[in-house]
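What follows is chain A paired twice: with chain B in the first complex and chain C in the second.
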Partner chain A sequence: MKITVNENIVQLDDKCNIEQLLIVLESPLKGSAIAVNQKIISRSEWVNYQLQENDQVSLFQAIAGG
Partner chain B sequence: MNNDQLIIAGKAFSSRLFTGTGKFNDQKTMVAALQASKSELVTMALKRIDMQHKEDDILAPLIKNGMNLLPNTSGARNAKEAVFAAQLAREALQTNWVKLEIHPDPKYLLPDPIETLKAAETLANLGFIVLPYVHADPVLCKHLESAGCAAVMPLGAPIGSNKGIKTAEFLEIIIEQANIPVVVDAGLGAPSHAALAMEMGADAVLVNTAMAVAGDPVAMSRAFAKAVEAGREAYLAGLGGQSKIAVASSPLTAFLEAG
Partner chain C sequence: MLTDAEMLRYSRHLLLEDVGELGQKDLKNGKVLIIGMGGLGSPAALYLAAAGVGTLVIADFDCLEVSNLQRQIGYTTGDIGGDKVALMKHRLEQLNPEIRVRSINREMDKTQLLMELMMVNLVLDCTDNMASRQMINAACVEAKVPLIVGAAIRMEGQLMFFDHSQEDAACYHCLFPSNEEQGLNCSNSGVLGPVVGTIGTLQALEAIKHLTGLPSGIKNKLKLFDGKTLDWQTFAINKDAQCTVCGKTK
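Then we have the complex of A and B:
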C-alpha cells in the first residue's frame, strides 16, 4: 500500500502499524510524535493502529531548541 | 540556600537556572554545558522531520543525564497551532509540561499576547503544565495566572539578542504581583544580566543563546550558574537602598584632632 509521510510517498506492506512504520523509516521511537490525517495518535495506540492506503502521516521529532 | 527550592506545579528544583538546547555546535558540548549549568529543566523543540535530512537524536543524552524536559511550541503562529504542537510534544516527550511560545513575527520573535492567552486557557484545561513566554506585561501575566498557568516567562529582551534586561521596571511589577513563579526568559546575554534578574526577585531565569554561542560554552554555563546563585542569595539577603548622595562607610569623626 501507498501512504505519504511528511509529503513523501512511502510503499509499505499491506498490513503495517505505526510502530512498524517507524522501524521501516529507521526513525527513533523515543522523541517522536505521529499524526495520521491531522489526528494525533497516542503512543499507546501505535502498535494497534493499522495504516490504510493513502493515509497522510505527519512525523515529528524532538530537536534542540530554546 | 539548600532549602531554597523553587516549586513549579508541585515539582521542586534546586537550580533556578533553566536552559535551552539550541544553537550549540555539537551534542557533546551541549551536554557538558548543561551539566556545568546544573540546570534541572531544559527546553526542546519539535520539528516535522525532513525525511532527507534527519536530525541527530539529542533526546537520549538528555534523558541519560537526568534532565527534565520542557518542550516548547516554537514555530506555532497562533493558538490552534500551539495547542496542536503541545499535544504532539506531550506524545513525543511523555510530559505534560510545555513552554508555550507563539511568535508569528520572524524578525523580533515577539510573543503574540492574544493567541498566547487563548492557547494557555485551552492547554490548562487539557491538563498541561503551562509556562507561557510573554512580553513583560503585568496585566497579561495576571490573566495567564488566572487561566491556570504554572508560571509566567516574561522576556528581558528579544530572543537570542543578548541585550540583557530591557524590561526591568515591568518585570518588577510582574514579580510584585505574581502568585506563581516568574521565570525571566530571553535576551539574557551575560551572567550579570541573570544575576540582576535574580536580585530583582525573579524565581528563575532561562538562558540558551548566551551559553551556546560563547567562546567556551561550558565555562559560560558555569558562570551563569554562579551568577544565578549569587543573585538569588543577594535577593534573600535584602539589598540595601540607594541614595542620591554619599553615605559614609567610615566614621567621619576628626581622628586627627585631640579628643
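Then we have the complex of A and C:
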C-alpha cells in the first residue's frame, strides 16, 4: 500500500503498524512523535495502530529548546 | 477598578471589544508563572508585563552570557554576567510599574514548583530542556493548573496548550512520553531569534486570551511552525489512557 510520510510517498507491505513503519524508515523510536491524518497517535498505541492506504503520516521530533 | 493612569496606559486594550475594561481587570487579577527567561521567556514576559498582567512570577537560574543576546531580547550587552531573573525583573518594572514582579533565582524541584502553582492561574513553559518540561507538566497536571508550552530550535517551533483545569486535557507526556529522550535544544542545534521569538510571543497571546476568558483554538493541539516557509501544521492530541502522568492508570 501507499502512504505519505511528511509528504513523501512511501510503499509498504499491506499490513504495517506505526512501530514497523519507524523501523522501515530507520527512524529512532525515542523522541519521535507521530500523527496520522492530523491526529497524534500515542506511543502506547503504535504497535496496534494499523496504517491504511493513503494515510498521511507526519513524523517529527520533540523539541526542548527555548 | 482601573485607575486613570491604567485607563491611559491600556487605552488600546479598552478599545478592543474582546478585552475592554472587564478584560483589563482580568489581566490585572492574573497571576502567571513563566519558567525560563531565555528566547521564549523574554518576549513572553515583556508582552505580559506590557499588557498589565498584575502578577508575574519569573523563574530561571542562569547568568546572562554573550551568546544569549542573539535571541534573548529582554537583555542588553551591559547585562552580561548578571542573573537573568534580576535583570528581567528590573526590565519589567521599568516597562510597567503598575504590575508586581517576583523572581525565583533557583532550579525548582517538583515540591517547590507545586508550592508556587498554588499562587498562580497559569504557567508558561519557556524552558530549554526535556527534564524540566516533563517535571513542569507533571506538576501542572497534579495541581490542575493550565500550561502553555513553547519550544524552538533551528527554524522550527512547537506550541501547545494543556488546560489542566479541565478533565479531558491531554498532557505533554501523552505526546512525548519518554523521560530519557534528550530533545533537541538551542545549544546543540542552534536557533534563529525570530523563530523562538514568534513562539514566545504566541505563548503571551494565548496567556492574555486565557486570562480574559477568550476561547483558545489550540487546547489539546500541537502547532508546528516552519520558519522557512512560515507554514503551520496543526495536530490534535488526545489524552492517552495509558499515560503515566495524566491517565487513569497512573
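Here is the rule we go by: the second predicted complex is superposed on the first by the 64 of 66 C-alpha atoms of A that agree within 3 Å, B and C clash if a C-alpha of one lies under 4 Å from a C-alpha of the other, contacts with A are read in each partner's own complex, and residues count from 1 in each chain.
Here is the rule we go by: contacts are C-beta pairs under 8 Å (C-beta built on N, C-alpha and C of every residue); 3 or more make two chains touch, one makes a residue touch a chain.
Computed from a prediction, not measured in an experiment: that's the story for all the values here.
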item: Touching partner for A:Ser58 - first (chain B), second (chain C), both, neither; value: both
item: Chain B or chain C, by number of chain A residues touched; value: B
item: Chain B versus chain C as contact partner of A:Leu12, first or second or both or neither; value: neither
item: First (chain B), second (chain C), both or neither touched by A:Ser27; value: first
item: First (chain B), second (chain C), both or neither touched by A:Met1; value: neither
item: Which of chain B and chain C A:Lys39 touches, first, second, both or neither; value: second
item: Footprint overlap on chain A, comparing chain B with chain C; value: 30-31, 33, 35, 40, 42-43, 58, 60-66
item: Parts of chain A lying in touch with chain C, wherever the complex brings them together; value: 30-31, 33, 35, 38-40, 42-45, 58, 60-66
item: Chain B-touching residues of chain A, taken from the complex the two chains share; value: 5-6, 8, 25, 27-28, 30-35, 40-43, 58-66
item: List of chain B residues in touch with chain A within their complex; value: 20-24, 30, 43-51, 54-55, 57-60, 63, 69, 71-72, 74, 84, 87-89, 91-94, 159-160, 206, 208-209
item: Of all residues in chain C, those that touch chain A in their complex; value: 36, 38-41, 125-130, 133, 150-153, 156-158, 174-178, 180-187, 189, 191, 196, 199-200, 222, 224, 233-238, 240-243
